[in-house]
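Here come two complexes built around chain A, the first alongside chain B, the second alongside chain C.
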Partner chain A sequence: MSTAAETFAERQAQLRGKFVRRTQEEADTLLALVAKLDTPEGAEAQAGIHHIVHRLAGGAGVFGLDELTQPAIQVEDLIDASAVSDAVAQATTALVKHIRLATARSLAAAGPQP
Partner chain B sequence: MDGKRVAVVDDDPIFLEHVSTILAQYGGMRVIKLTNGDELFKTLDRQEISCIVLDYDLGNQTGLALGQSVQQKYADAPPIVMLTGQGSERTATKAFRIGFADYVSKRNLDQQELIAAIRGAIFQNDARQARVQETERLRQHQRQDSLTGLYSASYVAARLNEVATSRSGTGFTLMAIRIENFAELRLRIGHAASERVFRDFAKRLSDIKLDDGFIGHLATYDLVCVFERVMAPATISATCQRLAAEARFSASHEGSRVEIAARVSAAGFPEDGNDAHEVIRAALSGLDEPVKPKIPTDAAPAGVDKDLAGTTDDEMPPHKQRAHQRFRVLKKGKVVINGLNTVLDCSVRNVSESGAQIRVDGYFAAPSRFQLLIVGSGDPRWVVTRWQVGTDIGVQYQEPEL
Partner chain C sequence: MALPHVAVQDSKPTEPTRSDPVVPNGIRTKSVCVIDEDAVLGELSTKLSGLGYQVVDGRSTMPPDDCIAVIINADMDPGLDLTQALALKHRIVLFAKNRDFDFRLKAARAGVEAVLWSPLDMVDLGAWLTDFDDADKQAHTILIVDDDELAAESYAMALEQAGMHTHVVTDATKATDAVSRLMPDLVLMDLQMPDANGLEIAQIIRQSRQHLSLPIVFLSAERDPKRQHHARKVGGDDFIAKPVDLEQLASLVSIRAERAQALRQVMERDSLTGLLNHARFKDRLSAEFERSRRTQSPLAVCLLDLDHFKSVNDTYGHQAGDRVLQTLAHSLSGALRRTDVVARYGGEEFAIVLLDTALDDAVLVMDKIRASFGNIVFDAGEKHFSVTLSVGVANVASASSTESLIGLADGALYAAKHAGRNRVQVAD
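Coming up: the complex of A and B.
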């Protein structure tokens, strides 16, 4: 019979796995949004990027993806500072590379998913 | 924190689940998971929430805006703890300015810091609520009235209720006291001067030495003398006379003298009401009664004391006025004629040591002699009719026949 602490740890591991998989999927979303930055839908794309990186900056440290916190904050700060789209695109692309590495490492460490 | 419900609002379902699990596991809190403002308002309308944890970024609105809306809608809104990945000083300042209880960074969230912030917010809110309730309780039950320094109306009412509902209590007697014609006096000398007169009047009453009674405020300009026991009519009458005599004084106003006299009306529990409120009302209604009309000399029936006919107490010379002074005492009574062949209900309105004024429910010609039973005051006493005007009858006690 599992104790409350074990149940809690299992629940946290499940949430961590969910967060990692969602972040992995969001890497593709981020690249799609970057492609729209210099189009008429640029403002909307920038808002989309901001929403994802804001959530990532808050949750990465909590769910074991610490190395993503600073790159995510960097993108968020650039958007908040109304930086040119090139700078936002460059920082976001760099973040996507970090995401792919970090999530792959995390999923590999966690083992095969049920 | 058992039983404390905490509402967590976050549009990120993963983080919402994470925070909720932590608060339940390590904080012992009952967590209600919500993803937007609408859900929060519905929850607040339905149940008591001890604390709200709000994420800053809720997609279509900020936690700051939502928190502000909550505080505007609910007077006793629960404390709010802001949780956000946006660790800027400006956001924190805004949150505190709006009145949020605390602010915790979502980045590298410290579980203990979040739990401590929620506990602190609940503790401070509970303490604040307790202070508000205590202030209200003190205000309600403030013993002393700020205008007169006497016991306050709320204290008097609470005390009388206590006595009326006490199992061991035998009852109480109260005498409502008002300055005669105070409304006219206010019109004549103005609000400020009449307030001074009222304070002086209250001071004179508070200086009276009462063995086991106390003076308090009953209504805006009505005072009361309370005895926590049932008193005999003669004692009530004597006390009323004493209160009226000692409260009488001359006030000066812009060089002229204003004569202040008291009107006193007594009532008691349980004779005059089933609870304190009814007894107070009975006493006050005695104060509201018009002054007894003059009795025309030629209309005075045979046997009526000619000294009384054609006068009111106030018009008598001082020595006579004193001798015939009457006080309103509302008690239930029965007029017993020819043994028990005829019994009529009446109210005993004024009592003195020598007689009383009674009022019967419907007109009847009072016999020259009958028995009067004052409910709760022992056996019936023989009385002789001294005067009758309509349903009001003045009677004089007759010494028992040997």
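Coming up: the complex of A and C.
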């Protein structure tokens, strides 16, 4: 492998690591937003969830977390279709479980982080 | 008419050496290797050095690794075995008498990219060499607009890996400024961003006539076909659905940018010579004038006019005149750096901006081009002729505006003509 290719692979791995860690943090944010869905801040919480899942639906495939694409799309579609908050909450919680599994697997495969 | 077939010898003292491809006076030497008989080699060398190329005799020396092309006379290699071997490493121009299909097929199988027929048309050969010169091809500049910095960075990395230059903007409201500043070949933009969506940004970009042809490729997880259609309608040229395969993304962006650059080439360039046109030259001169003022770097403007060009057209015909213009264009592009700005200013007049070049160096460069071009012998049927040129050179330090800078160069050109032509004159 040439030096340039090594650098490319290294940078790609670094970006993937950043994405995985960001997604882990977003899982916590999603749960906090789900808790607000039935409060006066519900609309804002829903917009927050939409922003995260939209970005995840687009980025997961690029960073090797393909299994998160469909669950993220599902939440996005529910919000776009103005589904009841229970359905959004249920799908988001399911997505969070997927995130926890997928990110743990990805970090384990990448080996210990510096 | 007596023919000045002595150019190679005469111009030798000012030729840069092969080990020094970029000489201090700004002339860049590109080499081509020729495999031909002695008699033809001498004449071809003269013509090629007039186009700014240094000729290597391929019969005695292996072609240098960085040579632009190997020009082979098919008579020297009837079986095309040598041609085939050299084609593995170099781009080949074969010139031949044989126009048979079988011969051309054999040449194609040997890896030959260009076949020319005797008598060799220098304009054709010059055009091939320009095409082959990768140094003149600039990497595409791609502007990436995405609020997700990790996604943007990964696209940037994939595009750069594929040889493109990228700039990332994560704040959508700054995208239009970036377009004006960077003049990218293509914009790759996320559709959904918090401050302004991609469709709105595209509409703002398209408000400027200058950017009507700029390709905008949307990149989005948008799955609603109606919204995808709307995106195309407001001026998005393509729509790539996320998640995207990075290799495919790089390939698609590269193809689109290539086509856009070709289109821009047609719009901004003079069709006969391939040089920048008058309008685009003025834009570039303004930008470079400002830059020179800002950075205090020297800059010279040269106006160059062919001597007695009307009589060339009248005596030898317009086709011959066109060949002279094309050959001069090739000479200029060949002899100058790719960062210099070279344009057909109008008719038989050419304009050049030499960046970071002091007046004395500009005069040296232009005088070398003048001497070299005057030695080229043009053929028009049975007749042969040469054409000289006059140049006016002005220094940025003497001018208060681009208009006065051009005015000074024009005055110097007039003085060169008045003093007897075939010379380089510096503005007072």
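A few comments on the model shown:
Simple rule for what comes next: the second predicted complex is superposed on the first by the 112 of 114 C-alpha atoms of A that agree within 3 Å, B and C clash if a C-alpha of one lies under 4 Å from a C-alpha of the other, contacts with A are read in each partner's own complex, and residues count from 1 in each chain.
To be clear about the criterion, a contact is a pair of C-beta atoms (placed from the backbone, for glycine too) under 8 Å apart; a residue touches a chain by one contact, two chains touch by 3 or more.
Given the structure is predicted, the values throughout are model-derived calculations rather than measurements.
Once both complexes are superposed on chain A, the partners chain B and chain C clash.
Touch criterion met: A:Thr69 reaches chain B and chain C at once. In the superposed pair of complexes, A:Gly58 makes contact with chain B and with chain C alike. By the touch criterion stated above, A:Lys18 is placed in contact with chain B and with chain C alike. Of the two partner chains, chain B and chain C are each touched by A:Phe8. Comparing the listed stretches 223-231, 331-339 or 385-393 of chain C against chain B after superposition, the clashing one is 223-231.
Contacts of chain A with chain B, set against its contacts with chain C after fitting on chain A, overlap at residues 4, 8, 11-12, 15, 18-19, 22, 51, 54-55, 57-59, 61-63, 66, 69, 73, 76. Interface of chain B with chain A (complex): residues 12, 14-15, 17-18, 21, 25, 57, 59, 84-86, 106-109.
Contact residues on chain A toward chain C in their complex (touch as defined above): 4, 8, 11-12, 15, 18-19, 22, 51, 54-55, 57-63, 66, 69, 73, 76. The touching residues of chain A, when paired with chain B in their complex, are 4, 8, 11-12, 15, 18-19, 22, 51, 54-55, 57-59, 61-63, 66, 69, 73, 76. On the side of chain C, the complex with chain A involves touching residues 148, 150-151, 153-154, 157, 161, 190, 192, 194, 220-221, 223, 242-244, 246.
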